[in-house]
Every structure is written in structure tokens, then in C-alpha cells.
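Letters A, B, C and D mark the chains as written, and numbering starts fresh at 1 in each.
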């Protein structure tokens, strides 16, 4: 499994976003497993809809990152029960690059629900992108209480849910990587 | 009912958007009922997340438009089973202004499903905004075939669905307008 | 508002269902407001799909109950992110009787998510039934801890969420009751 | 792939159900691929919630069928935007038996939407069951027009969508079957 790559998308560009701290915990947990990863921050990929050559170059880079990934984790806050617009704009800018790759979702919300609703909407979008959304999903409530001082989760349940989710993403990634390669080499 | 205002939000800023033609049909149908309306084009309300004073002024204008509305119709294409990011960014920029007002959804898609999936995701977001999403919803497939040369819907079913939806939005708007005013005048 | 009727549907028939205790709390809270209510237990309305005259009589009684209601509250556990089958069978046995009436949802789950997912699926079904699903919704985690010995909610947040939800259901019920009557008296 | 088993669940027990004709077409298409299949009719698995030994025996048989399957196709009508209660009751009676197996959905509706909404609700339930819902999904409108006299789909688009969906279910089944076996043999 040592050759897998599982980047983390930070799914909000809002100033003061607490999701950034959660993304750091997830990134660190993936690295500790010896799996290659990197942060894809939606704030670095603004989409204006105009024909800006710099923007086109950045989106080309995004597609390459997704194309070379074996799975993805998205850290996403819940805004009005749905996903942030800037995340959807970025997700919609690629398609085949996502196909048949596992997706882990870590949702963040200030309330007690912990983002279960944005998770469901995002999983449905990921099915349209032909991804494999995995169970369990991770739901972070009240970020400041959830994080400890050492860059981990204070809450025991969250620590376990994150580990289970990463186990599942990694397992699907390792199963699907050779299957995807074999599929792409088949004559049409 | 003659004093009601029911604006139409055009929910995509993509170049070449066919939803603009559908929004024009909806706008015209509302005007023909003698109800005040206007087009709110998401392309006119780009949200950068930066502290641009022009942007703040535009969003202030958006909130005023929603605040003075008695109901809304959103014309929205389906992108990967969900809503366009630019629409969600705009919707998330207000809250109380939407409360207790009816919402009609007209979805647009190139396939046969006609956007039933984005409609459901958008209705759930509208519940978080404390709106009243109405039945029926209108689903436009293959826009060029759906529109006739006179600015209406070619397909008889669509014409009827649009009329039923506008009947329902208008009815709820007329019922809720005095109820909202009475509620706002109550002492806390 | 003293003439309103807001029944409570207990949405599971599973042996040992903890949702029954939650439904009792909700029923009591509605009574304390002086609003007429009664429990509609799905276990009393089994639907076999056969042409059993007793079953037809029971369903006739259910339709009458819904028809004379001004609003509904459904207490529902989350099974595999969705609603119990027996609840859906019962809900599907009526239609016009639900139209234009507010719906409050109280979800119950053993985990921390508190049933946010079944709430969303049920709200979408209620939109098809032309109901008005209200905010806030109430999410009960770990029932035994949530209930106190006096037939109320131990947790302060739950008590407040239940009160806010019942305020909203009652307000919509009082607004919509005369509007529904006026609508039904209009010539077609 | 010749050893795969992909049963078809007929997801409604309503008298006069048109979905039965659609399920027959799907069953036939799977057989023509040389893949083992059989019909699982929800009408044969009524769930009363009582402690009926016959019922327990039937559910044991259902679990065995799912356990020995490598993938599933569910043919499901859309009732009030959701799934039939009898289907949910049956799905909820197993859990591990579904894990890590692909699911194809064929939805049936009398309207033009073709059941896109029940498909989304069912896919979310299938994620809770740790299945892999595949794209494309198949949406059958107006069953009598959709079926030809030879037990196939009249409409060309449906024929193609069904073939693509079965390709995908079969591919995932063949990839996941050895991966599931290897996973089950791992020491805990």
C-alpha cells in the first residue's frame, strides 16, 4: 500500500475557517500511515467563470492532482445543510479524474449534528462523479473542543472514526488502483 | 394578490447557460399574472470571499431584494446531481430574509431526468433557510426542444406544471405575507 | 389557537422501541400547551397489502385522523440512514389529507448524529405530500440519557429545540387552517 | 466473471405492480450475460414484526441469498419521492451480507422524472449498508411504453443505460469478490 496517494481537500475558503485545523489533523493521520498525501485548499483554486489563463492553469494542476490520486478525503463544513459553493465549483471542474476512487468525508459543524446533512449531499455528488463514498464518515462538532493540543482529536470516538474511515479509504484505494489500471488498458 | 413580489433567481453563471432562456419564460409568466418580479442573476453577484467594498454593497442589495420579496422562484441547472457553487454562495449570504416565504424550483438538465436531483438538494437547503418549498416542481429537459418561438414552453406538460407551481407560490405568498407581518410585530 | 389539533405519529413498530418514550414526552408537551393531540402508533396500523376489510377500516380511520389534524409531529428512529418501512407504508396510504399542513420531526438514534439523515429523507417525502416541514427539527441521541425521570428531556438543548419546533408547528397550523378552509371553498 | 451471482430485488409488493415487468427484463438481461441471477420478490418476504418462526426462516433464507451474492440490482418504484416501506423493511433485515458489494438501481415511475428521487434515497441507504452504488442508474418512465413485445426495452436509451449499468455492476462484482474474500481471511 506504500505507493498510494490520498490527498485531502479543504472544502471552504471562508475567512476564519475552523475546518483548516481539522484538515491538518486528517493530513497528519494519513502521513503517519506512510501514505502519500497533500492538502488541496479550495482557497487556492478560485473559479471566476471568466477566461483567465492563470485560472485555467490552476485548474489543470487540480485535475492532475486528482488524476494521480488513488482516493480522496474531503473536510467540509455544513452551510445551511449543504456544501460550500466554492467546494462545488472546484469539484465540478473535473470528472473522469475522480472515477472509481474511494472518498472519505469529514464534516464539521458548530452544532451537535456534526454535518451529517452536508455529508449526504456530498456523497450523492460523489456518486455522480463515479466515486466510492465509504463508511464510516467522520462528524466533528464544536471544533475547539474536539481538537487537543497535540494536533489530534480530543474525543476518543472521533479518533476511532477517523482511523476506521482511513482504513476503508486505503483498502478501497489498494483494491481499485490495479483494477483501474487494467480497465484503462482494455481495448474499447 | 396584486401587491406581491416574486423575483426569479437565475442560478448559474456559466458561459452559454441555457437556463437563462428558461428564466426568461418564468419571468414572463409571472409578469402576465400581474405580479411584480425581477431577475436576480447570480452572475451579477460574484462572491470572492475577500473584503471588497463593492462586493459588500452588492450583497447588501441582494439582501434587500430578498427581504422585500414575498416568494421566490429559482431556475437551476443540475451539475453532478447538485446545485451550482455560485448559487450556493449567493444563497448562503442571507438568512432571515428568506424565512417563511414560498420557493418554487424550475430545474434544467440536458438529460431525461430534468434535474429532479438538484431540486431535492435545493429544497433541503431551502428548509434550512426556513422557506416553504412548493409542489409541483418544474423539470425542463433538453432546453432547445422545450422552448417555442414565442417565449413559452413548447411542451404542454411544462406549461401546466409552471402554472400550477406559480399558483402555489402565489397562494402561499398571499397567505404568509400578512402572517409574517403580524409575527414581526409581536413583542418578543 | 385553542382549537388546533396536532397528533403525534410514533414511526416504528419494532419491539423494544425507545422512540415510544420520546413520543410520550412530545405528546405531553403538546397537551401542556392546551393543544388537542393524540398518539398515532404505526404498530396499530399494519399494512399487509391484502384486501383485509379490517385493515381497510383501520386505514379509513387513519385518513380521518390526518384529515382533521392541523399539523403533525412524527417521532422517528433512523434505520440505515432512512425511515422505517412501516412508517412509509402508513404515510403512503393517504395524500390530500396531509396537504398544506406543517410537519415537525423528532428523530431518534443511538449514535451521536441523532437522526439528522432520516429527518432529511422524511422531509423530502413530506414535500411530496405537500406538507410544510418546519425548522428547527429535534434530534435525540442516546434516549436513556436524554430523558429525565419526570417525563421530560434531561438535556437543556433538547427541551428548547422541542419548544421552538412546537411553536413553529403551532404558528403554521394557525396560519394555514383558515387558509386551507378558504381554498377548499373556492369554486374550481 | 462466469461465477458471479447478481440477484434482482423486486422492491414493491403492491397489487398490479408494473415494476414486475421491468424486473423480468433486467433478470433476462443478466442471464443473457451468462451471470447467475434470481428474482428476490419482496412480496415473498413479508415482515410482521411478530415472532413468527416461518417469518424468521424466510429472513434467514434472504440473508443467505444476499450473503452469496456478488452484487445486487434493485428494481424500485417511486412512492412520494421515496422507497416502498416493504422494501425498506426487507433491506433493514440484513447488514454485513451487503458490505462492499455493488448495487445497480432501476427506478420506475409513472411520471417523466422516472424515479430519480427514490434512486437517491435508496443510494444513501445503500451507503449505510456499505454497498457501492454504481453509475449509471436506469430510470423507466411509463412502463407500458417502455417495454416492447419481446421482453426488452422499446426505448433505445433505456437499453443502453441498462447495459452500461450491468457492465459496471459486473465489473465491481468481479473486482470486489476476491478482495472481500482476502479481507475476510485476515486475522483481526
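Here is the rule we use: contacts are C-beta pairs under 8 Å (C-beta built on N, C-alpha and C of every residue); 3 or more make two chains touch, one makes a residue touch a chain.
Because the structure is a prediction, the values reported are computed rather than measured.
The rotation relating chain B to chain C, fitted on Cα atoms, comes to 180°, given as a multiple of 5.
Pairs C-D and B-D differ in how many C-beta pairs touch across them, and the larger number is found at C-D. Distance from chain C peaks, on a Cα-centroid basis, for A.
Chain A and chain D, compared by their mean Cα positions, are separated by 29 Å.
Chain C and chain D have Cα centroids separated by 30 Å.
In terms of their C-alpha centroids, the spacing between chain B and chain D amounts to 36 Å.
Residue positions of chain D touching 2 or more other chains: 81, 117, 120, 124, 127-128. Chain D contributes residues 13-15, 43, 46-49, 79-92, 117, 121, 124-125, 127-129 to its touches with chain C in the complex. Partner chain D is touched in their complex by these residues of chain A: 120, 123-124, 127-128, 130, 132-135, 171, 175-176, 179, 183.
For chain B in complex with chain D, the touching residues are 81, 112-114, 116-117, 120, 139, 141, 157.
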